[in-house]
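Look for subunit A in each of the two complexes below; its partner is subunit B in the first and subunit C in the second.
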Partner chain A sequence: MAQVPVQTIHRDPQLFYWILVPITIVMILTGVLRHYATVLMATAPKKLDQKTIREQRSLLHGINVRSNFPVLSKHSFTTRRDVLTTAYESGAYLKDPERRGQAPPNPMSDPSSMEGMMGMMKNQMAMIIPNTLIMSWINAFFSGYVIMKLPFPLTIKFKSMLQAGVATKDMDPRWMSSISWYFLCIFGLQSVFNFLLGNDNAASQMAQQMGQMAPPTGQMFGPGVDPDKQFLAEVENLAVIEHYSVLDGVEQRLLESATV
Partner chain B sequence: MAPSLLHPPSQLSPAAALQLSQQAPAVLQSSPSTVSASPLSALFSASESPELWTKYENLLLSCLRTGDERAAHQCLERLVARFGDDNERVMAFKGLLKEADAANNGQLELVLKEYDQILSDNDTNIPITKRRIALLRSLGRVSDAASSLVRLLDFSPTDAEAWSELAEIYLTQGLYAQAIYALEEVLVLAPNAWNIHARLGEMQYMAATAPGAGTGAGPYRKYLAEALKRFARSIELCDDYLRGYYGLKLVTSKVLKDSAGSAKQNEADEFSLPDPATIERLNELATAKLSEIVRHAAARDPGWRGYDELEVTAARELLNKDASALPEVVR
Partner chain C sequence: MTSIEREFQIAPIVQESVVHNSRTLFNLQSLTASLFGVGAGILGLESYYGFLFYIICSLLTTLLFYVLRVAPSSLPAGKGAFDTSQYFRSPYEFWTGGLLNGLAGFILTWTLFFGLVRA
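And now, the complex of A and B:
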C-alpha cells in the first residue's frame, strides 16, 4: 500500500506574524469592546410603580401563606385564608381593577415589554455588526491562500469550510485559510475573555447563544400573564389546604428528643 | 464569635460595636478611597468586591453607634462616590447620618420633611420609607409610625423586617392581638426562625398575663397553650435555646400553679394545653436545661459560649427564685 506523500507547502513565515496574530488581536479587542458596549447600552431595570409592586407581592404573600401554613394555628390560618380569598376574588390587589376580565394586552403593544425586546435587539446587533465587519475584512484582505496546517487530521468535508477561497482540489483539509482561523477564534476565546473581563462578561457569543436556546422559564410577572387568573388560581390553592399545625404534639416530640 | 464587619452590627454588644468602630481608620486606609465606576479604569485597577461595600455599610453603622461621626461620614462619601446620590440604599444612609447630626427635634423635623419630599417623588423607595418610620418612632409619634408601617405593608406584604417592627410597635402600645398577628406574618415568611417562635411565645405569655386579661377565661388558656407550644417549637428548632427554655419554664410554672381544678373546655380550632403530667415533665426539663446552661455559661466552657450575659443572669435569677419558693406554694 503506497503511502500518501505528506504534502508540504513552503510558506512565508511572515504570514504568521501578519495574519494570524492580527486576526487574533482584532478578535480579542472586539470582544472587549462588545463587552463594554453592552454594559453601556444596558438600561437600568425599570422602576415598578407602587400598584405593580402591590399586585406582585400580594400574590407572593398568598403563596407564602399557602406554603408555610403549618406554622400558624388553625384560627390564624383560617382568618388569613378568608381575608386573602375575599381580596383575591374581588380583585382588590389588581393594578387596574377596571380591566378585570378583559384579555391581557398584546405584549407587542405594551411599551414596558417593548423595552425588553429593544434590549434583546441591541444585544443581537452588538453581536451581528462586528462579526459581519470582521468577516468581510478578513475576506477582503486575507482570502485566497492557506496560512497554516492544523496538527490533527480532518475529513474531506471540512475542506469547503477551512479552505474557503482556495480552489485546490487535492489539498489536504488540514491546511486552513484565514477565515477558518477566524472561526476558531470565535469559539475559542471564551477563556481569554474570562481572564480579561471576569466571569460574567458579555463578550462571548457562546453564552448569549446558549441563553437564547433556553429562554428563562417560570416568568411569573412577565408581560402577557393575567394577574387576575393567577389570583384566582391561588384562591383555589388556598381553598384545598387541609390545615395541620407544626405545633400539634410538639411537647411530645420535645420530650422524646431533648436530653439533659 | 468575634465581631465581623461582614455581618450587620445590629445585635452587637456595646463593647463589640466599639471594637468594630475602632477598626475604622485601618479599614478606611487599607482600601482605595475611590473606586471608579467607569469601565476603563476597572480594566486596569483591582476589581471591587461586594464585601467591600458591605464592610463600609456596617462600619458606618458601628461608627454612628459609638459616636465616631467623622469615620461614618468618610464611609458615606465612599458609598456615594460609588453608587451615586440617588441610589435608594445610599439615600437611606445619608438620611441616617443627617438624623445623627441633628442636634434637636427641630432639625429632626427638617429631616422628616426631606423624607416626605423624597417619598412624594418616588413612593416605592422602601429604604427611605423605613427610615421615615424609624424617625417617627424615635420622635415619639408612635401611632404615625404604625400607620405608615401599615401602609408600607399594604403594598409590600412580604417584608419580614417591617412586620416585626410593626409587632414591636403594637406590643409597646399593649395591642397584643395585633402584635401577635404581625409576628405570625413574620413566621409565614420565615417559618423556621426559632427566635421569632420564641418571641411569639413571649408575646402570647404577655397577652395572657396582662392586667385585665383575666384568668380562667377562654383567651387566657388559649394564649398560654399556644405560648407553651411556641416555646417548645423554638427549642425543637434550636437545641439549648436559652430564651425558649426560659419561656417554657415560665409558662409551665404558671399553668401548674393555676391549673388546680380548672377543667379545660376548648373550641375545636384552638390549641389545648397538654395534660398536667406532660406539663410537669416539660417544667422539669426546662429547669434542668436552664441550670445546665447557666452552669456551663458561668464556667465559660468551650462550646457553651455565645450566650448573652444578661440572659444567663436572668435565667439564674429565675432558677433562684424558683428554688427559694419551693418550700411554700410556688408563687
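And now, the complex of A and C:
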C-alpha cells in the first residue's frame, strides 16, 4: 500500500484568533449564562399542606422501618410495626379520608403536579434553545472553509458531517470546518464547566442525568398513585418480616475483636 | 439473612461518602485529562502516539492519587498493596474509569493546541 502523502494546507495564522477563540469563548460564556439562568428561573419548592406531607412522610416511615429493621431491637420494631399497621389500615394518615375507594385524581387535572412537569420542560428548553442558536450562528458566519486538522484519522463517512461547507472529494477527513469544532466543544467543555461552576451545574449534559433520576421517584408520589393501596401494601410488607437485630451477639463480636 | 448481608448492616456503606469519593476522583481525572491534551498538542503527537500518551499519563495520575491519598490510611488498616476497597467499591473502575470520562476534554485541548502550535 503506497504511503498516502500528508496533506498540508497553509493557513493564515490569523484564522485562529478570529475563529477558534471566538467560538470557544462564546460557548463557554453561554454555558455559564445558561447555568445562572436555570438557577434564577428555578421555581421554589411548592409548599404542601400538612395533610399531604403527613401522608407522604408516613409512607416513608413505613418504608424506612422495613428496610432498616436490623438496627432496631425486637421491642422497638414490634412497637413501630403495630402502630403503623393500625394507622395504615384505619386510614388515619390519608389526605382525604372520604375518597378512600375512589380512583386517584387524573394527573392532567390535578393542579399540584402540573408545576412539576413544567419545571422539567423549562430545563429542556434551556438546553435546546442556546444550542440551536449557536449552531445557526456558526453556520451563517463561519461556513465555507476548513479551520484545522484533527490529530488522529477518521473514516470517510465523517466527512459529510464535519466538513459541511466544503465539497471536495480528496481532502482528508482530518480537516474540519468550524461546525465540527462546535461539536468538539460541546463534549469537551463539560469538564471545564465542572471546574468553573462546581458540581451539578446546569450546563452539563442534563439529559442523561434526568433519564436516570426519573424512574426511582416516579413510583411513589407522582400523580395518579393511590396512597391507600400503598399503605395496605406496606402493611403486608411489614407483616412478613422476620426480625433480627445487629445487637444480637454484639458482646461476642466485641470480645472476639478485642486484643489483649 | 446471608453473612454478607449481615456484614453490610454491621458496617453499612454510606451512600454520600461513596459519591464524594468518586466525585473527587472524577474531577481530578477530567482536569488532568484536559491538561494532558495541552501537552500532547504542544508535543505534536499524532494519532496512536497521542492516545498512548493519554493512557499512560492517565494511569500515572491514578497511581499517584493512590500513593499519595489512599495508601497512607489504607495500608496501616491491613489492606494489601493496590487494594482500594477502603474507599472505593470496585478496583476496575478506580483504575480505568478515568480514561473514558476524561477523553472528551483530552481530545478538545489536544486538537486546539495541535492546531495552534503546528501552525
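Everything that follows uses one rule, which is that the second predicted complex is superposed on the first by the 194 of 260 C-alpha atoms of A that agree within 3 Å, B and C clash if a C-alpha of one lies under 4 Å from a C-alpha of the other, contacts with A are read in each partner's own complex, and residues count from 1 in each chain.
The rule is simple: a residue touches a chain if its C-beta (ideal position, glycine included) is under 8 Å from a C-beta of that chain, and two chains touch if they have at least 3 such contacts.
Since this is a predicted model, take the numbers as computed values, not measurements.
Participant: So, does A:L72 touch the first partner subunit B, the second partner subunit C, both, or neither?
Facilitator: A:L72 contacts subunit B only, not subunit C.
Participant: Which partner does A:A258 reach: the first (subunit B), the second (subunit C), both, or neither?
Facilitator: first
Participant: Considering only touches as defined above, state whether A:F195 meets subunit B (first), subunit C (second), both or neither.
Facilitator: A:F195 sits against subunit C, while subunit B stays out of touch.
Participant: Considering only the touch criterion stated at the top, classify A:I179 as touching first (subunit B), second (subunit C), both, or neither.
Facilitator: neither
Participant: First (subunit B), second (subunit C), both or neither: which does A:R57 touch?
Facilitator: In the superposition, A:R57 touches subunit B alone.
Participant: Mind working out whether A:D49 is in touch with subunit B, subunit C, both or neither, as first, second, both or neither?
Facilitator: The answer is first: A:D49 touches subunit B but not subunit C.
Participant: Tell me which touches more residues of subunit A here: subunit C or subunit B.
Facilitator: B
Participant: Return first, second, both or neither, reflecting whether A:F187 touches subunit B, subunit C, both chains, or no partner chain.
Facilitator: second
Participant: Which partner does A:M148 reach: the first (subunit B), the second (subunit C), both, or neither?
Facilitator: second
Participant: Once the shared chain is lined up, is A:M27 touching subunit B (first), subunit C (second), both, or neither of them?
Facilitator: A:M27 sits against neither subunit B nor subunit C.
Participant: Can you list the residues of subunit A that touch subunit B in one structure and subunit C in the other?
Facilitator: In subunit A, positions 70-71, 246, 253 sit in both the subunit B and subunit C interfaces.
Participant: What part of subunit C is in contact with subunit A in the complex they form?
Facilitator: Its residues touching subunit A are 1, 6, 9-10, 23, 27, 30-31, 33-34, 40-41, 45-48, 50-51, 101-102, 104-105, 107-112, 114-116, 118-119.
Participant: Could you please specify the touching residues of subunit A with respect to subunit C in the complex?
Facilitator: Listed in rising order, the residues are 11, 13, 16, 20, 24, 70-71, 147-153, 181, 184-185, 187-192, 194-195, 199, 242, 244, 246, 253.
Participant: How about subunit B: which of its residues touch subunit A in the complex?
Facilitator: 39, 43, 47, 122-124, 154-158, 181, 184, 187-189, 191, 197, 226, 228-230, 232-233, 235-236, 239, 269-271, 274, 278, 281-282, 285, 288-289, 292
Participant: Mind listing the subunit A positions that touch subunit B in their complex?
Facilitator: My answer: residues 32, 36, 39-40, 47-51, 53-54, 57-58, 60-61, 64-65, 68-76, 78, 80, 196, 198, 245-247, 250-255, 257-258, 260.
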